[in-house]
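Both complexes below contain chain A, partnered by chain B and then by chain C.
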Partner chain A sequence: MPDRIRLKAFGMLAEKIGADSLEIENPGSSEVLRLQLLQQFPALQSLTFRMAVDRKLIQAETDISAGQEIALLPPFSGG
Partner chain B sequence: MEKARSPKNIFVQGPISSEKIAQSIANHATKTDIGGHSIFLGQIRADEKPEGKVIAIEYTCYEEMALEKAFEIREDVFAKYPLTCMHIYHSLGEIKVGEICLFVFTSSKHRKAAMQACDELVERIKAELPIWGKEILDSSATQWKVNT
Partner chain C sequence: MIVNRFERQVILPGFGFDGQAKLKQASVLVIGAGGLGCPVLLYLAAAGIGRIAVVDGDVISQSNLNRQVLYGEKDLGKNKAETAIRYFQEKYSDIQWTAIPEFITVENAQAFIFHYDLVIDGSDNFPTRYLVNDACVLLKKPLVYGSIYQHEGQVSVFNVGSHPCNYRDVFPNPPAPQEIPNCAETGVLGVLPGIIGNLMALEAIKVLSGLGKPLSNKLLLFNSLDTQFQELEINPNPTSQSAIPSSWNDFHQRDYALACEGVQQLTWNEAMKLMGQEVAFVDVREPGEEPPLECTGLVKVPFSTLSNELDRFEEAEEILFFCQSGARSQKAAQLLQQTYPDKRIFSIRGGINALKS
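Now for the complex of A and B:
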């Protein structure tokens, strides 16, 4: 299985990235992914966002395995 | 007898109509152990921003995660309060000023459990569900809503 992950972006982040879904090579961990994204999309540098791995919000650096779904979540504003 | 609960869809495309709310109240008439309902309705407010006045909010969500989380919140609140019923509906898509975008409905034997559970649900929905509102202004500019 190729070492790739699915990345989903929501709200303001999808606008800044220019897509709501991307398939990318697995960076191995959430922190490496974050740094990679900030470099690739400098517009994200001024934004606050959290990540979810397989639909669970992560609280600390988390390993990412192939096939997982990573989501980039701006601050929630439902209701 | 308690029945096993499973994740339910909470999302409604478009605004929540007053007919749906009335029907939902009517549906409880046969549940005669209920003594009190508590209802929260979230309505789109015409906020004045420096860039213009809000005329609508467009809601999007991370649906799979939101439904899993909503289920977890439901289970927590059911475990904490003696409720008979709980219903949560949140709009997606464009909701105009004055329209209803959130409907939370709790019922219990006695009022306090229904009121406290309803309040807790609204707070948790706003803080924990991956839903985003984009405010559409009368100047046709848009900006992302920030929850306070």
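Now for the complex of A and C:
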């Protein structure tokens, strides 16, 4: 099985990435993934977002293994 | 058994007379009577919460009516908190209602929140959300959070449970100014805040009655386009603790609007003191907005044309913007500050509406 992960983008991040769900090669860690995303989608550089690995919000660099789902979460303020 | 308006919920296993009595004894402060606040209020009131207060300094406008379902055409221009309360006082006489027709601020937050068992954040901007979050952390008050963006919503319950989380555990600091557009710029189908507001009312009822498991340490995400729910686990985050004011004194010193929007806000009283000096006083309302304001030194630059007229402000050192509610003037101030980083630029909080009240 190839070493791939599922990315899910929410809110404005999905607009900037151009999709709300994406399968990509596993970068191995959350920090490598973040840098890779900022490079691939420069519009993300000016946006605040948090990451969740397998539906758990992470607070520090976290290892990512094959088949995991990574959520990219922006803040919303609307009401 | 006496049949009353709560019969269908007291017969529910796990809720019962005990759950109903808890709701009757409970008090809730709802911040914002807009797209989220309207459905929250409808269902909290129907469920029989004993005491409900509504804080909102905003007035009803035509563009609110697709989602703010408590209001109709005859309510345009009226204060939201007062209009909502009038509607409910006629509907349910067994609830104690309080209308607070003001915006929540660092000055009044402690006094407002202190008297209630649970707070609902149905506001529509980051300064208010961070302010309400921090005040609820300081008071250890359960806070039901909900917010929306286009076709998505987020819901959570803060300050509840043995390892309680708050909004800063999810997003320790506000996003940069202008990073996230609001409903006015991105649009919203009324049914989305209806769904998110109902989820918020449900969470409040669960926390207050002890029914089920509230969304504490969880952030619920909803996407209305594909009707998907997803739940993320959240945990206390050490970096968030340092971002929260350490005391009320610290809280009172914070300028949430400046931190979130990069704009310094003034009250009318503070603004009046600056007038007459070398300060440009700018009305960014569109022609025809009521009431017109005339005074010496007043400049009228409608927000819709402001970006083409930025060079008109080249000479001014201090610039004071105002509009109808304080929203557009804030954006105007942001826009101008980007062009002229060295000028002192202010927005008047609450705009003409605040002057009227």
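Everything below uses one rule, namely that the second predicted complex is superposed on the first by the 75 of 79 C-alpha atoms of A that agree within 3 Å, B and C clash if a C-alpha of one lies under 4 Å from a C-alpha of the other, contacts with A are read in each partner's own complex, and residues count from 1 in each chain.
As a convention for this text, a residue touches a chain if its C-beta (ideal position, glycine included) is under 8 Å from a C-beta of that chain, and two chains touch if they have at least 3 such contacts.
Just so you know, these numbers come straight off a predicted model, no measurement behind them.
More chain A residues lie in contact with C than with the other chain of the pair chain B and chain C.
In the overlay built on the shared chain, the residue A:G11 is in contact with chain B and with chain C. In the superposition on chain A, A:P75 makes contact with both chain B and chain C. On chain A, the surface patch touched by chain B in one complex and by chain C in the other comprises residues 8, 10-12, 52, 55-56, 71, 73-79. Chain contact summary for the complex, chain A toward chain B: residues 8, 10-12, 52, 55-56, 71, 73-79. Remark: chain B residues 42, 59-62, 64-65, 68, 90, 101-102, 122, 125-134, 144-147 touch chain A in the complex. The touching residues of chain A, counted against chain C in their complex, run 8, 10-12, 20, 46-48, 50, 52, 55-57, 59, 71, 73-79. Residue ranges on chain C touching chain A, taken from their complex, read 32, 34-37, 121-126, 129, 146-150, 152-154, 170-171, 173-176, 179-180, 182-183, 186, 188, 193, 219, 221, 223, 230-235, 237-239.
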